[in-house]
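The structure under discussion appears below in the form of C-alpha cells.
Letters A, B, C, D and E mark the chains as written, and numbering starts fresh at 1 in each.
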C-alpha cells in the first residue's frame, strides 16, 4: 500500500527543502507543521551524529598525533602522522587478529542464530508445558558475571575435566589455543539474548503466512526457515549483528582461552593490547588499530542494514 | 492446469524416502510439546554444558573457604558461611568496597550511596538503562525515516557499539585525563564541564564523577544496541496500520503512542531486560576508565576477588550478584507476563 | 484419492464453538461449495481439512487415510486462503512457484507451470512484482495461481474470488471449472456469491453456527431447502417468510392465506408453520397467465422499488402502516413481501397492486423446529427427505 | 463540505501508471461507486483522496479546499480499507473506537457510538475479541464499524462487503444507505458487486486502466453505456457483442443482421461497428409477444445451460462448430450468444432454437474507438451525449 | 568430576593431574636433541625475540635449544590471571614464565613454581644470591628462604628533571652532578621545584608523579614517600613478606602521616589543613591524583613540567636527543628522613620502589623441557647477556656491578645515568607482596588517594586503612 508515504513521518515535499530565507521559512512552518517537524528531525539527526561520531573523531585525532605529542590535546591532531596505519601492522600482525575475531564472530553468530531460531520459534509460536520455566531458566544464565564460568570452563577446555562413565573415565580434550573454547562459551553466553529477540520477532509473524507455507508443503521447520526467518529479517539481522559485534570485541574469556598469539586464535582486543608496553602506552597505535578494527564491523552493518531496515510484512495479508 | 503432471505431486512424494525423509516425517508427526522440546534440545545441551555445568561447579566452590597458600584452590568446606559473611558485611574487608550498603531509615535509606558495590551498580543501571532507552528510541525513530543518506547515518549511529570496551575506555579516559584531554581542566583553568559542575578536575579518581562519566560512556556505546533493536521492532510493523491510523486522524504522536509503541513494546522490553542485566554486570568500562577501586560494581568485586584469588568469595559474590539481578529482573518478568510473551 | 470425510468433527475455541459435530462426506472429484453466514465456521472447517487446525474432536479422512493429525504437507491439499497470505518477501513468481520449488521440480517445469497459472489468472507480465506493489485483486489472483500450479488431490478455496470484479470472476469461475474437470480433483470452495455456488458446485453444503444444515445439489438447496435457515440463506434476495397456522383450509396468517388440504401434506391442523415464497414466485395479477397454479389474489401496496437492471425488486406493504424493512433479516416479516418483476414492468412506488403467489413454489416450514414440511402445495412435493439429504445436526 | 474533486490526477509507480489523468467531480452528499476491473486504479484513487498516496500530478479538492498535500488526518475522511488492516494489538472495541479516542470523545459517547456501530455490523458481544480470533467476515465488519463510528465529511469504502455473505451484505447495504441519508455525507465506494453498485449509488464511475470511462447514474450506465468497455463491464453476465459493418440495410455480421436505417442513427454506411445486446434482451421465439420491437428470427443451437435459480443462462451457438466460451472475455464472440430465460422455461442443451433480439435494446458501438453510437435502434435513442456524461479521458 | 573443593591434598587442580613436583632436582646436563621451549614473556621481549635468542646463544646456550616467545598481554593484571589459570590448570607450557617481581610471591605461596634452590645447580643459585640486586632476589623467595625465580631485570624509579629550567633558577651543572648520587631532602626538593616554577612561569607543572587509585600508588609512589619518611606498612623491612597476621600494621604512624601531609602540601599548598612544615607547597598539580605512569609522563615529555618521578623506561624517552637530550637530569628519589632518623630498620633515605621481572619455571613442564630451560636460565646469568639485553631492550642488568661497567655506560641515553640508577637500586624497597597483597594494595591506594585528595584527613584515612589491613591480615593468618 501507498509506498509513497512510508514511515510514520516525513511527508514527501523533498523538493521544497532548501529554499527561502528564515522569515519565509518560519511562516511556512506555522502553516505547515510538517516543516517544523522536519527541522526538528534534522536537528535531532545532527545532534545524534555529532554525539556518536565525536568520540570517533577524537580517536582519529589520537591516531594521527604522534604518540610523543599526545598531551594537551585540542580538537585537532597535533602533527599529522598517517603512517601510524602502517606502523600498526608492522608492530603487531593486526590483520591476523582481525581475521581471528572475524572467524570467531561469524562462527558464533551462525551457531547462535541457528539455535536461537529454533528456540525462538518454539518460544514464540508454540504452546507447551514448561515454556515459561525454560525461558526464565535460560534468562537466568545471563544473570551471572562471566567470571563465574571461568574456572570450570577453563578446566573443561584444557582437558582437566574428567567424565566417568562406568569404568571408563574420559578426559575432556585439550582445546587450549583453538577457537573452540571461545566459540562455545560465546555461543552459550550470547544465546539467551538472541533467543529472546527472536522469540518476540517470530511471535509477531502472522499465523496466516506460516499456514500458507505449510499447506504449500513445507514442514514446520521449513516454514520457519523459508518464511518466518526471512520475514523477521530485521530481528534476525539485529540479533546477528549484536552477537557478531559482541564476539568480535570480546576479551574477558578469550584472553584466558589462548596464549594471546595471533596464531592461537587470539581475538582483536588481544591484538590491540599487544601494542601496550608495561608502562608505555602507544595510544596512537591503539587508536589506529581500533579504527581499523571497527571497519569490518562497519561494513557488516552496511550489509546487514538492508535487512535490518526492511519492512517486509506489507502486502502479506488481508485481515 | 498441468494436466500432463497428473501424478506430479504424488510422484514427488513417493520419491522422497530414505533416512532424511523419515526423519522429517518423524518430526512432523510429533506433538507440539514433543516438537518444542526437540527443537530446544540443541540450545539446552549447549547451555547445559557451557553454562549450567560451570555454574554448578562454581556454586560448589562458593561453599568452600578461600585458600591463599598451598596448592589447593579452595579451603575447607564452610557451607553457607561465605554467603552469611558477605551479606552481613563481615567479608567487606576482602573486597574493593563494601558489598551491601549500610541501610538507614532516612532518605536515601543508605549511608554514603557511593560506598557500596550494590548502590554503585544500581545507580549505574538505572541511569544508563534509562538514558540508553530514551536515546536509543530517538535514534531508532530517526533511522526509521526515509531520507537521503540514511544508510550512512545508520552506520554512524550503530558504530559505537562496534568499539571494543578497551578502546571505549581509552577514548573516554584520554578525554577526561587532565593535560591530555580537553574536557577536563585544572582548578585555575577549568574546562566547561568543570565550570558547569558536572565533574571535578580529577574526575576519574572520584567515585561520583567517574560514575557519571562511565554512564555517559556507556550510554554513548550502548544506545546503539537499543536503537538497533527498537529499529528492528519498528521495521516489523505492518505499514498499512499507519495508513489506517492516519486516515482515522492520528497525529504523528498518536501514531507513535497507539501503534508504534504498543507494537514494539515487547522488543523494547527485551532490549531493556538484557540491557539491565548487562548493566548490572558492568565491569569492562569501569576497569578501563576509572578502575574497580574507584567505581566498585558488583562484577568488579567478582573479578577482583577472582584475581586475588579468593575463589570461594568470588563464587559467592557471583551467585549473590546473580540473585540480585534476578530480583531486579523480576520487575520485568511481571511486565512481560502482562504483555503476554 | 481425493475424497474427504469429516466424522463428528468439532472445534472449540476458548469460549466459542466454531465447528460443531460436523459430518461431511465429499466424494473424489466433487466440487463442493461451503456457504453460510459470516463466522459460521467455514474457514475453520477448511483449516481442519488442510491440517492447519487440529479438531478438538472427531476425525478427518482424505482418500481413505485418516489424516486428523497428519501435517498439512502430507495431505496433498492446496489452499487459497481467505486472507490471501502471500509471502511478502517473494515476488509473484516465487510466490506462485513456492510449492513446486519445495518439491524440487526442475526449473523449466516450474517456469512452464507458473506461466500457465499466471495466464489463467491474467497476471502475465507481473511475475516480478512484489506483493505490496499489487492491487487487492491482483494479490488474490496470485494466491489462486499459487494453489493451482500444484496438482493436489484436494483444492481448498476460501473465497478465492472475493476481490475480483464481475467479469474476472466469471472468467475465473470458468477456469476453475475447467481445472476441476481436467484434473478431476476434489474442490472445496467457500463463497458468498450465490451465483458462484449455484453454477459451480456439484453440491452445496450450508452451514450455520458451526452446524451443517444441508448438503445437496444447488437446485435442491434452492428448490427444496431442508429448513428455514437454508431457505432464507440460499437465494438473493432471500425468500419471503410469513408466520401462520395450519387450519382446515390450509395456511392462515395475518395478511395472507393459502389454501390447501392439510391431510394431503400430512400436517396436523393447528400447527404453527411458516410459509416461504421467493420473490420471483410472487406475480402481479397481470401476469397470472404465467403461473400454472396461482394462489388467491392478495392486495398490497408498492413501497420501495429497487431497479437492478435485469429485474426490479418491489417491496410490497401488506398493511397500510407497515414499516419498510429493506433488509430481510427478520425471519418472518408478516406485513411485507418482496417481489421481483421484469425490468420493463410498468410499476410505480406507493400504488395499490394485486399480487398472487405461485402455489407450486410455496414452502412450508415448522415454525418451531424450522424443518421443511413441504415444497410446493398442490403438486405436493413432500418434505425434503425423499430428494434432499438433510443434515442430521439440525435440531 | 463533502464534495470531492480530482483534477487531472495521475499516479505513476516505477513502471505502472495506476491512475491516468483522472477528473472526477463528486457532489456533497453523493453516493458514488467506483467500479472497474481488478488493478484499474480504484484503490489508488481512494488513497489519493484519503491522502495516503500523493498524486504524481494533478490536484485533489475536498469541499473547496485543495488538499493535495494535506495529511490524511486533516482531510476529514474515514476509510474502510480493502486489506482490512485491523490493529492486531487492540480488541474489537479499541479498534472501533480508535478514531474517537484520538479525538478525545468522552467515554460514554465513545461507548454509545461503538455499541451502535457494532450493532449495525452485527458484532454485538464480540467487542472483547482480538482480531486474530475472528473470522474473515467478522474482521471486515470491524473495519466497517471502525469507519462508521466517525462522522467524517467523506466516507471511502474499498470493497467493504467483499467477505460477507449475501444476507449480511444486503443488510449492510441497507445500513450504509441509511447512514448515508442520516449523515448526509459523501460516500465513495468501491465494489465488484454489480447489485451493490446498481442499488446503492447515485452515480457509478467506471474506470479502466486508470482512466475514467463513464460516470453516470446506474441505469444510464446500464442502458446507455458510453463505450464498449462500460457496456461490457456493467451487467452480469455481460453484454453480447457482435462485430459487423453498417450497410444500407443496417447492421450486418457473420451470423446476425439487424435492420435499421443508418441515416436515422446518423452513422455512415461502411463503418465498422459492434453490436451489443444483453442476455436478457435475447428472447426465445416463443416469447416474441413480450417484445415490442423484435428483430429478425435468428437460428441457433443451445449449448451449455447454467441454471441460476431465478433464471437460466443459455449459451447459444450461432454456428455449428462454434466453440463454447463460457467466459465472456473476448469482446466480440461472433459465433456465440448468451441468453437468459426464466427458470421454468422448457429448454434443453444441444437443441436447435430460434431467438430474437429486442431491437430497442440493441447498442451500437464504433468498433475502432469503442464509442457508443446508439442505444436502441428503432426508437432511436441517440448516442449517449444527451443523457450520459462520457468521460473525456476516453480516446 | 572434581569441583575443586576440599582439602589441600586434592588441590584445586581438577583432580586429574598429579601434584606437581616443585622441588625435585632437574637433570642439568645439556640436552642434545633439538628442542624448543616456550617462554611466556611480554611484548618487548617478544618484539626483540630474535635478538635475545642470539644473545642467549652468544652467552653459551646450546644451539639445539631454541625459544618461542609467547608475548602475553602487557597489562600486568591480565598476565597474572593468565598464569594463574595456566599453572592452576596444570598446563605444561610454557616452561619459563616472565613474572612481575610484584606478584611472584603469591605463586610461590601456592606451590605453583619450581623451587629453583632445590632443582638448580648450586652455582647458579649462589650466583643469584650473591651477585644480584638483593631487593630483587628477596621478591623471588619463598617463606622457606628458597629461591623460586631468577631475577631477569630490576626496575627502580628515579627523579627526572629539566636542567635547562633549573639553570634558569640559578642552579648549575655542579649542583646537578651532586644530585646525581647524593639524594636531597623533600624540603630541598620542594623548594628547588618552586624556585624553578617561579623562574619558568610558562611551565605549567612543577613536580609530576603518579597518585591515581592503582597498584602503582601503593606499591611504589606512596611506598617511596612513606619509606623515605621512615615509615612502613608493616613495620620495617623484615616484615615485608610476612608473617601475615603476626606483623604490626603501622600505617597510622607519624612517618606515614607525614608522607601524606607532604604530598598534600605539594598539591594543595602550605595552607592545607594538614600541610607538612618545611615543605614548599603548590608544586604538584591536582591531576597527579588521577595520573599513572604514562599520563604523568606526557606533560613532562611535552615540556610542561620540571620534575618527574618515573621508571627508567621514561629516561630513554625523555633523554632522547629530540626531546631533552643532555638537558634531562636524573637523580635518586629525595628522602624525608635519613636512615638513622628512621623509625624502622631499612627505611629512610632515598628509597626507590622496586619493580622488575623474574623468570620462573613451570613445575608441570616435562623434564626435557625443564632441562632445556635450565640451560636458558644459565645463559641468562651470563653478564654479557645481561648487557646485551640492556642494549637491546633497555632492561637494567640484575647485577649491581654491571651498572658501572663501561658497556653499560655506552648504551645510548640511559647509559648516561648509570650512577643514579645504581644508587636507586641500592636503595630499592620492594612492595610487601604476600598472598594478601592484592587485597591490601587496593585498600591502600584508595585510602592514600583519598587522603591526598583531601577527601579525608590523613589520620582518618590511615586509621581506616589500618582497620582494613588488620582484618585482611587476620583473615589469612
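The rule is simple: a residue touches a chain if its C-beta (ideal position, glycine included) is under 8 Å from a C-beta of that chain, and two chains touch if they have at least 3 such contacts.
Values in this document were obtained by computation on a predicted structure and should not be read as measured data.
Novice: Using the touch definition from the top, what's the fewest steps needed to get from chain C to chain E?
Specialist: Step count on the best path from chain C to chain E: 2.
Novice: Of the chains shown, whose Cα mean is nearest the mean of all protein Cα atoms?
Specialist: A
Novice: When A-C is set beside B-D, which has more C-beta pairs in contact?
Specialist: A-C
Novice: How many angstrom lie between the centres of chain A and chain D, each centre taken as the mean Cα position?
Specialist: 54
Novice: Please compute the C-alpha centroid of chain A, do the same for chain B, then give the distance between them in whole Å.
Specialist: 13
Novice: Could you grab the centroid distance between chain A and chain E? Build each centroid from C-alpha atoms only and quote it in angstrom.
Specialist: 41
Novice: Note the residues in chain D that touch 2 or more other chains, in rising order.
Specialist: 13, 47, 52, 71, 81-83, 85, 88, 136
Novice: Of all residues in chain A, which are in touch with two or more distinct other chains?
Specialist: Residues 1-3, 5, 70-72, 150-151, 206, 219-220, 273, 312-319 of chain A each touch two or more of the other chains.
Novice: Got the chain B residues that touch at least 2 other chains?
Specialist: If we look for residues of chain B contacting two or more partner chains, we find 28, 57, 61, 73, 179-180, 238, 240, 243, 246, 263, 306, 311.
Novice: Report the residues of chain E in contact with chain A in the complex, numbered from low to high.
Specialist: 1-2, 4, 13-17, 40, 42-44, 47, 70-76, 78, 81-82, 85, 89-91, 94, 293-294, 298-299, 301-302, 304, 310-311, 313-314, 317, 323
Novice: Using the touch definition up top, name the residues of chain A that touch chain B in the complex.
Specialist: Listed in rising order, the residues of chain A that touch chain B are 1-2, 5-10, 37, 41, 44-45, 48-49, 51-53, 55-56, 58-59, 62, 70-75, 111, 114-116, 118-119, 121-122, 126-129, 131, 134, 136, 138-153, 156, 184-185, 187-189, 191-193, 195-197, 199-201, 203-204, 219-221, 232, 234-235, 237-238, 241-242, 245, 248-249, 251-252, 268-269, 272-273, 283, 286-287, 290, 293-294, 297-298, 301-302, 305, 308-314, 316.
Novice: What part of chain C is in contact with chain A in the complex they form?
Specialist: By the definition above, chain C touches chain A via 47, 50-52, 71-73, 77-79, 81-89, 98-99, 102-103, 130-134, 136, 139-140, 146, 150, 156, 163.
Novice: Under the definition above, what is the set of chain C residues touching chain D in their complex?
Specialist: Within the complex, chain C contacts chain D at residues 13, 16, 35-39, 42-44, 82-83, 133-138, 140-141, 158-159, 162-171, 173-175, 177, 192-195, 198-199, 218-219, 222, 232-238, 278, 280, 306-310, 326-329, 340, 343.
Novice: Applying the document's contact rule, which stretches of chain B touch chain D when the two form their complex?
Specialist: My answer: residues 238, 240-241, 243-251, 254, 258-259, 262-263.
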